[in-house]
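Consider the two complexes below, in which subunit A is the common component and subunit B and subunit C are the respective partners.
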Partner chain A sequence: MTMVGTESEARVERPIRAARANGGRLWWLAVPAALIFIVFFVIPVASLFGLSFNKSVAGVIGLSSQFTLDNFIRIFTRATYYEAILRSIWVSAIVSTASLLFGYPLAYVIAKTVNPGRNTLLMIMVLSAMQLDMVIRMFGLMVLLGDNGLINGFLLYTGLVSQPLPLMYNTFGVIVGLVQITLPFMVLSLIGIIKAIHPSLEEAARALGASRIQAFFSIVLPLSMPGILAGTLLVFALSISSYVVPALMGGWKVMVLPIHIYQQIAEVGRWQFGAAIAVVLFVTSIIAVAIYHQAAIRTSGGRT
Partner chain B sequence: MQEETNIPFVFKAISLISLAILLVPVGVVVLAGLNAGDYLTFPPQGLSLRWIKAFLTSSMFLSAYGVSFVVALVSTLISTTIGTMAAIYLTRSRGPFVSFLRGFFMLPIVLPGVVLGLALYVFYVTSDLGLARTMTGLLIGHVIVTCPFVIATVTAALVGFDRSLEEAARSLGASPFTAFRLVTLKVISSAISAGAIFAFIVSFGQFEVTLFLSAPDLQTLPSAMYVSMRYKFEPTAAAAGIFAIALVVLSMVVTSRLVNLKRIFER
Partner chain C sequence: MSDIHLKKLTKSYGGHLAVAGINLHIAEGEFFSLLGPSGCGKSTTLRMIAGFVQPTSGEIIIGADDVTSLPPEKRDIGIVFQNYAIFPHMNVADNIAFGLKLRKRPRDEIRRRVTDALRQVGLSGYEERYQRELSGGEQQRVALARVLVTEPRILLLDEPLSALDKSLREEMKYWIKDLQKKLGITTVYVTHDQDEALTMSDRIGVMQKAQVVQVGTPQEIYEAPKTLFVTTFIGHSNVMDVIVGSGSGSDMTVLIDGNPVPTRGPENLVPGQPVKLVVRPENVVIGPDQETPVRLPATVLSETYQGSLIRYRLSLGGQEIIAERQNQSGNERFNPGTPVTVGWDPGRSEALVA
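This part shows the complex of A and B:
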């Protein structure tokens, strides 16, 4: 844009500058979305936060101006609730690890598949699985893992076991369900990063005498770290906030935070206390996302 | 090219397991919906259209399918419109406020669905807007969760858009609006369609936000399936699932023709 142009180029320059400057006057385009978000997202979430600081009275929803920390003290002193926090955290941590162990190889295969048709097919398989209604996928898992399910049916039929294995309505079932749901997110966080690692780096390591395994662990894996961090923390945030998976796969026996929220509201009617658990859940997942964001920036050297 | 041989065998083996984790439950739903017995057992009892018929005559599932379809359609129209507008502003303006706004619009993805649903329900009940357990209230919740997907998809396309094309139209005498309509909108129209399809799918499969916003006479397909699974566990839910699976797979194939999927997801 700095070159000295002919007369006709100068005439072209003016409307271009005008168009570029237009950016500042486009704010009205964001107004409808911003308004809806403020009224139906910021205000409700803020009032829910406010409600969590109100004294817990069954059946009363209205926000009052008398604030107290009672609900939070109760959460952190009653074993039922702080154990639920810890359970939520460790279940999500196991899911993140399992999702990484299953997701990394799949992402690697997709990243290294050059054939466009096969690549698109793999992507569609991952994306369709991701986009499909979670309740439907849990139905499939429940038919597989239940006491009368396909897996136990097969094992009993062939005489490999005499009692059905406890695969569902326990923590194991919840973990399997969450891995099923979060795996596509892990794979998608990894594909781009793995693809960006230049094959010549690995080849150079091999040429210098590293075994295939050495080359992988000293070159490819460290360079995949930004994607690994992004993926695991995204999976962590998704797992800790899931209600439908623990509700169906845990059969209300695995009491994680979202189940407690629903129970407090729908069964006990203690809105303030339910709101307080929701705040604890939200803050926990925000902390995870914030750490992820920082870590991702650091490991990728500012490129996100 | 010896591309495929470069992949370690262990990785290929684990990938197969991962694909099985992703796809077998979906296949099982299809089988359960088409099986002849009262419950899908091993060994299976043969195929029949019995549960498909049960779905097509079940007033609960049919009306839930209808509610889901209408909610998904209307919330997609709204969030595609306001999301595209917002995306244009976000890519054409600079400054700290714009990057704040970009993060702000992505927040509903971070907020747990149960928390958002609960927050909206409390807000509807306490504010006397008459939105609690109504179609409008449900729609608003779905607009909030689907809008980030439209904004992300359209923003990705606009960032890659070469603005000199629009400037060329301007220099040839087109008004800003005409240049935008004839050039930019044409180029990003496939991304807008993709964003709309994502929004539709997200809304159609949405359960957690709906949990507190639906009512017995206002059930979406996922909530109807959830209720049936918790209390009866009948294959009619699986038959309903087959129709939902068909819808999603079809839209994913259409989307992959419209946009480069990797550009949106591999950022």
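This part shows the complex of A and C:
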């Protein structure tokens, strides 16, 4: 009996060992990318984070071994900074929501378009929005939203308003800019998921007595949850970390965390304090994402 | 329970006719199959009855109601898809309760009816399972339970067995048929599998190129096919090129190798007209002693052993035909090259205009 047992065990083990050896060899393919990741991302970011525990001295970049929490204490005791944390979070949350509300219908239409020509056209529209650099697209928005911009020009001309509407250099402008930047990411996260929902599921619901709207809310929307989750997380991460959009569209008046980081480092030269804000931004973003992820998993019944 | 009338039902996709003016009456409680090759318009017809495809013209009447322009949810129908379409984010109980919740039934009634429906399909205790935890056959049963629990007027099935393996397909064939008989629900069953259509149906509508070419009981379709297409699509047939000898209709002959052979055929034939003579292989009998009204000389070309059957390829008047014999003890076997006499019952042959 024991003989038979060991023999069959050996037979089972052989393919596993082969697979392990194979995986071991394949692992080397990841080395170049891993090296680039470590050298150009992990090391610089880790040293910046290390810097955040040093005493703030203008113009000094060198890491020292004298650790202090002064920078963090300052962030959490001054209204300017903790208000900026909250502002960063809610602005990003609004952008995620708006991006979802605008992106879902578009993604739905693209996913349901079977005609290959029309489908390609819609995809090109979405992707072309990503072709231009962010700065250029923001300048475009300024032409539209500025005090002398197209919208205000039209409203003033028709006499609908007597003062230009404040469409830019405020939170509204920042949100519009961020939604514009993040929308394609949202749409791309959703298309694949919506496409994968077999049309017969919707049809089965219809035949069982659901109206088009009921079928959408009871079948299609719940089954889109993985895409909604991925899309909103991606958009949230892009928004909370964006510097260019709040800088251009907010005109330095909408103080979110990346603006503070830039000011501290580029203008005041206080690398240590800027680094501390960066750490807070990073941790805040991770905590917000984790909370959201947990909540989403709970509401979608454990399926993501 | 209701009957179904299709009146000149037509669907065209950009000039291409998917369904070309179908007229059908499907009786109350009947199991009706739409049988035909791929692309002949079976699914389109079914989806028009369900309301997922809007007809280009024509009418659909269920019971006393013209439903042609009603959306699917107002038609009171049940449909089972090839992939079963079990909602993956709901467990079995919620899947089955879906239609009842939409109908705003009280909670305890829903619970009771879900339990009953699961018992009916032999899946008691499966309430908490999800689609990914069900086999194909179980999903099939859940899909049927989900539809039947709402007590629809008609049941529509689009190739519901084609995703199952062969033995399960056999089992489900009889199971679905029994359930349908027990409930007495008017059923339209779409398939391209002649076996399914022949074993399950009360009547079959054979479809070819967007049209219904013959409607009849399985026996009528198999034994008295009206067109060459029906003959060749359903079962195997010997199709011989012959010419009309005399007469037409049920009292006619055709000439094989100069010999007059009695057969059934269409009306209005003229002597000398080329027609096809169709005989099923199982109706061709071989042997010098066989007593059949039709007796013709032939030569054995080859013999194939197929277990319960022996299959002979024969040359008859210069044409090849197939004969199948039961492999019974005492049945003589014939070697290739042997001259034999073949024959058949004229009532089992059919002359058809090609």
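Going forward, the second predicted complex is superposed on the first by the 248 of 304 C-alpha atoms of A that agree within 3 Å, B and C clash if a C-alpha of one lies under 4 Å from a C-alpha of the other, contacts with A are read in each partner's own complex, and residues count from 1 in each chain.
What we mean here is this: contacts are C-beta pairs under 8 Å (C-beta built on N, C-alpha and C of every residue); 3 or more make two chains touch, one makes a residue touch a chain.
The structure displayed is predicted, hence computed values, not measured ones.
K.L.:
Check whether A:40 is in contact with subunit B, with subunit C, with both or with neither, and answer first, second, both or neither.
P.N.:
Only subunit B is touched by A:40; subunit C is not.
K.L.:
Would you check which partner chain A:93 touches, where first means subunit B only, second means subunit C only, and both and neither mean what they say?
P.N.:
So A:93 meets neither subunit B nor subunit C here.
K.L.:
Please work out whether A:220 is in contact with subunit B alone, subunit C alone, both, or neither, and reply first, second, both or neither.
P.N.:
In the superposition, A:220 touches no partner, neither subunit B nor subunit C.
K.L.:
After the superposition on A, what does A:180 contact: first (subunit B), second (subunit C), both or neither?
P.N.:
Only subunit B; A:180 stays clear of subunit C.
K.L.:
A:206 in the overlay: touching subunit B, subunit C, both, or neither? Say first, second, both or neither.
P.N.:
After superposition on chain A, A:206 lies in contact with subunit C alone.
K.L.:
Let me test your reading of the model: by the given contact rule, A:60 touches which partner, first (subunit B), second (subunit C), both or neither?
P.N.:
Neither partner.
K.L.:
Counting touched residues of subunit A, say whether subunit B or subunit C comes out ahead.
P.N.:
Counting residues of subunit A touched by each partner, the higher count goes to B.
K.L.:
Report for A:255: first if it touches subunit B alone, second if subunit C alone, otherwise both or neither.
P.N.:
neither
K.L.:
Considering only the contact definition stated at the top, list the common interface residues of subunit A for subunit B and subunit C.
P.N.:
Common to the two interfaces on subunit A: residues 212.
K.L.:
In the complex, go through subunit B and note every residue touching subunit A.
P.N.:
Contact set of subunit B toward subunit A: 1, 3-4, 6-8, 10-15, 17-19, 21-29, 32, 39-43, 81-83, 85-86, 88-90, 92-94, 101, 104-105, 107-108, 110-116, 118-120, 122-123, 125-126, 140-141, 143-144, 147, 151, 163, 166-167, 170-171, 176, 179, 198, 201-202, 204-205, 207-208, 211-212, 221-222, 225-226, 229-230, 233, 237-238, 241, 244-245, 248-249, 251-253, 256, 261-262, 265-267.
K.L.:
What part of subunit C is in contact with subunit A in the complex they form?
P.N.:
50-52, 71-73, 75, 77-79, 81-83, 85, 87-89, 98-99, 102-103, 143, 146-147, 150
K.L.:
Quick one: which bits of subunit A touch subunit C in the complex? Just the residue numbers, please.
P.N.:
Within the complex, subunit A contacts subunit C at residues 198, 200-201, 203-212, 214, 218-219, 222-223, 300-301, 303.
K.L.:
What part of subunit A is in contact with subunit B in the complex they form?
P.N.:
11-12, 15-16, 19, 22-24, 26-27, 29-30, 32-34, 36-37, 40-41, 43-45, 47-48, 51, 61-63, 101-103, 105-106, 108-109, 112-115, 120, 123-129, 131-144, 148, 150, 153-154, 157, 179-180, 183-184, 187-188, 191-192, 195, 199, 212, 216, 237, 240-244, 247-248, 258, 261-262, 265, 271, 274-275, 278, 281-282, 285-286, 289
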